[in-house]
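We call the chains A, B and C, going by the order they appear; numbering starts again at 1 in every chain.
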Amino acid sequence: MTAPLLDVENLTVRLAQGRAARPVLHGVSLHVAQGEAVGLVGESGSGKSVTCRAALGLLPEGAAATGALRLDGDDVLTMSPARLRELRRQDVSMVFQDPRASINPLRRIGDFVTEGMRAGGVPRKDALRRAAELLESVGIREPRAALRRYPHEFSGGMLQRVMIAGALAGEPRLLLADEPTTALDVTTQAEVISILTRLQAERGMGMLFVTHDLELAAAICDRIYVMYAGRIVESQTAEGLFGRPRHPYTTGLLAATPRLESDRAPRGVPGRPLSLAEAPDGCAFAARCAHALPRCGEGEPAPRDIEGAQVACLRAEELIHD
Amino acid sequence: MTAVPVHRRGLLAPLARIARSDKLVTAALALLALLIAAAALAPLITQHDPDAVDLSATLSGSTPEHLLGADQSGRDVLSRLIYGARTGLLGPLMVVIVSTALGTLLGVAAAWYGGVVDSVLSRAMELVFSFPALLLAIILVAVLGTGLTAPVIAMSVAYAPYVGRLARGVALQEKARPYIQAYRVQGWSGWVICVKHLLPNIAPLILAQSAINFGYALMDLAALSFLGFGVQPPTADWGAMINEGSPSLLQGAVLPALAPGVAIVVTVVAFSVVGESIADRVARREQR
Amino acid sequence: MAGLLLRRAGGIAVTLLVTSFLVFGSVHLAPGDPASFLLGGRSASPAAVAAIKEQYHLNDPFLVQYAKWIGGVVTGDFGKSAQFRQDVAGLVMARLPTTLWLIGYAALLIVIGGLAFGAVAALRRGVVDRLVLVGTGIATATPSFVAAIGLISLFSVQLGWFPAFGNGSGLGDRVHHLTLPAAALALTFVGLLARVTRTAMLEELGREHVEVARSRGVPGSDVVRRHVLRNALGPISTVTGTVVAGLLVATSIVETAFGLSGVGQLLVSSVTVKDFPVVQAVSLLVVLAFVTANLVVDLLHPLIDPRLTRPKGGTA
């Protein structure tokens, strides 16, 4: 296997808040290869967005990170500000959750799409021509006219397409998508997803797709990482995850998803999601886990390889069910 | 935005709680208390008659006899400063009381009745907004003559819309809350609901605005005295003292004009510190 | 857009009409015989009093007097000053340049100082921010005549850098003479605008589109200019408009403190001697400036925030 495009190794992020440093990520390792779509799934507060933003060198204010986060071998965490700006313009870009909040409402669509290119020194005329092509490729009609319009003249779905066009402007090799459809109407979600996956495949980009929706992730991703309380608890291929979930948390998430074809009512995961700061020693999920044993509270379970899946659960072998 | 309605809380209770939490606010409140005490006890604590002329002390600068020196007529600056606090605080107090009462009445009425009442009242308030407070006061002085009356009336009218706009805004928000709706459904009269339930809940914000207005009123009234439109000489007044003291500046005597100037700035700062901290607390309570 | 302008102009006309009526009416209500005010306390022959009454239409009913006055105002005739025995319009025009210079100078200081201090405080949190907060807190609590005292005693008396009195003539001399008055006039409002700018910029700094711009490799200074400052312009322009409009009346204090013969000082001296034609004219001028400034700000707002632009052919 060649070196992965994005390689996160043992990433730990602590927030310095007051005197007590609050951890938000603990020992996160993941990788995304060129052309591969990778899902990062978890409940809100599990650290998936922090992980995603860290790939752009965007850490929460006052945060300290240890570990490594390499793009093509270059560590993003130790980059100079100038190199980091270059990385953000050319190598990695991100589609944010809420396009209405993420695009400056007072500036034209053209300004948004060309902003990164202009910062990289592309002449205005060229940048605008390129922006029109990009808008066309995400399915916006009359792209030339759209460049001169303002965000409030677009629907949420259309604006998310604009956001995608803006993200593609720098021809990135890695695309980060942070819940790109959560803020949209159901009817437009599918369109945005199909545009995103089509462009990812066409351009051979690596994609890290962050979502709380396990099924959506399974539908578009090759591999999936499941996060809980700032740690990765399970990772395997999308089919594997659906067919044979290994971690009790994944099983719980799957059971909580309503299914049309099943008569069984969805079962929620009991308890409430913890943040890493609140998590006790040992397995963070133990408190909500139906299979927890006393030893689950002693020492954090290390991820182990079980038939191609990485699982951080002491009882993973015993608990293969369904 | 799930603010719990607050009932029957002492007006000074929030002040006491704020004072305990923030050193700056404690200092500001202590300073204001000191100022009020000095103004009230002026005859007891001053060494000199504020109007006593002593030409031998003219522009003396700081001496043990006259701590802040004496002005061009040889009157003791410190004594005049302490006596000046009386008009300096009394004028703004009247302005704040009248403008707060008037503004709250107009604002709550506009919010409660809505419709035509709202648009008429809002228009009227806008009209006053398009009229600078100082100009209103100057015109009224032209009509009614100099003294404290015209400026106080003018400032009360000019400041009422600021309170009115705020009261209307918060009253509208408050009126839409379920608990007010519940009282209406139960058949309480609008008057009772407004006085017993609505007012206590919007009072802290209005109190904050009024504290800030106190400072501005003090500045505006002092400006009118400075122009010679307010309290007339020889009554001690900060603005008038600055007017009387400014010619001596060129002779190098700074204290007669500077001392009342510093008094104005310090008092206004103290009032805005208190007002802003009340507003901050209300905002934080709303966020929870 | 044309319709909006027309409606706003109509609104201004109504405001001016109402305020002119109020000003004229309140002056009319002043206790005492208007003719004796106009004579300035001088004793005069009955014939002279009659002439004065004739000249100022004092024998007519109130509404007729108002109509005649407002008719004159429309043609630029504001009557004659009792104090100076001159046309009011001429008196005001002669003093307007000094006042406009002063206001312009102060407005420049306010905008530059307010934006600079506000932006620095918003972008450099910590010590700098706290210093600016303390400084602006004191500045907003310092009335112009107190600032004048401090500035005169420091820069005129102690250091001798700037004159304490006089208008000055010619550009350089005028700027030299007006520096202290403009600074005294500006101080309070620099503090106010700095606070508004700081708050508005901090609010924008916390917005998601600012982080998005950073995430796209846009240099920090461009992010501040295009996203933070740009989006904070709404509240900044509103406050600037109100402040600059208010300068025309605030200037009366500064002109008095520095002995400048401008419109504000004319207003003060006219009130003192109850020279009502001048008071009425200057008051109208002040209100006109106020509503015009508000109109300019309102017209600027759609340019600042495109969301406020009415869709073409839309109603209302």
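Quick note on the criterion: contacts are C-beta pairs under 8 Å (C-beta built on N, C-alpha and C of every residue); 3 or more make two chains touch, one makes a residue touch a chain.
Note that the structure is a prediction, hence the values are computed from the model and not measured.
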Topological distance between subunit B and subunit C, in contact steps: 1
Which two chains share the largest set of C-beta contact pairs: B-C
Distance-maximising chain from subunit C - centres being C-alpha averages: A
Centre distance in Å when subunit B and subunit C are each reduced to the mean of their C-alpha atoms: 23
Approximate Å spacing (C-alpha centroids) for the pair subunit A, subunit B: 55
Separation of mean Cα positions, subunit C and subunit A [Å, integer]: 54
Shared interface positions of subunit A, touching two or more other chains: none
Interfacial residue positions of subunit A with respect to subunit C in the complex: 53, 56, 58, 84-90, 93-94, 96, 98, 101-107, 111, 115-116, 119-120, 150, 152, 166, 170
Sites on subunit B touched by subunit C in the complex: 127, 130-132, 134-135, 138-144, 215, 219, 222-223, 226-229, 239, 242-243, 245-246, 249-250, 252, 254, 257-258, 261-262, 264-265, 268-269, 272-273
Sites on subunit C touched by subunit A in the complex: 207-209, 211-219, 222, 226-227, 230-231, 304-307
In the complex with subunit B, residue positions of subunit C that touch it: 15, 18-19, 23, 26-27, 29-30, 137-138, 140-146, 148-150, 152-153, 156-157, 164, 245-246, 249-250, 252-253, 256-257, 267-268, 270-272, 274, 276, 279, 283, 286-287, 290-291, 294
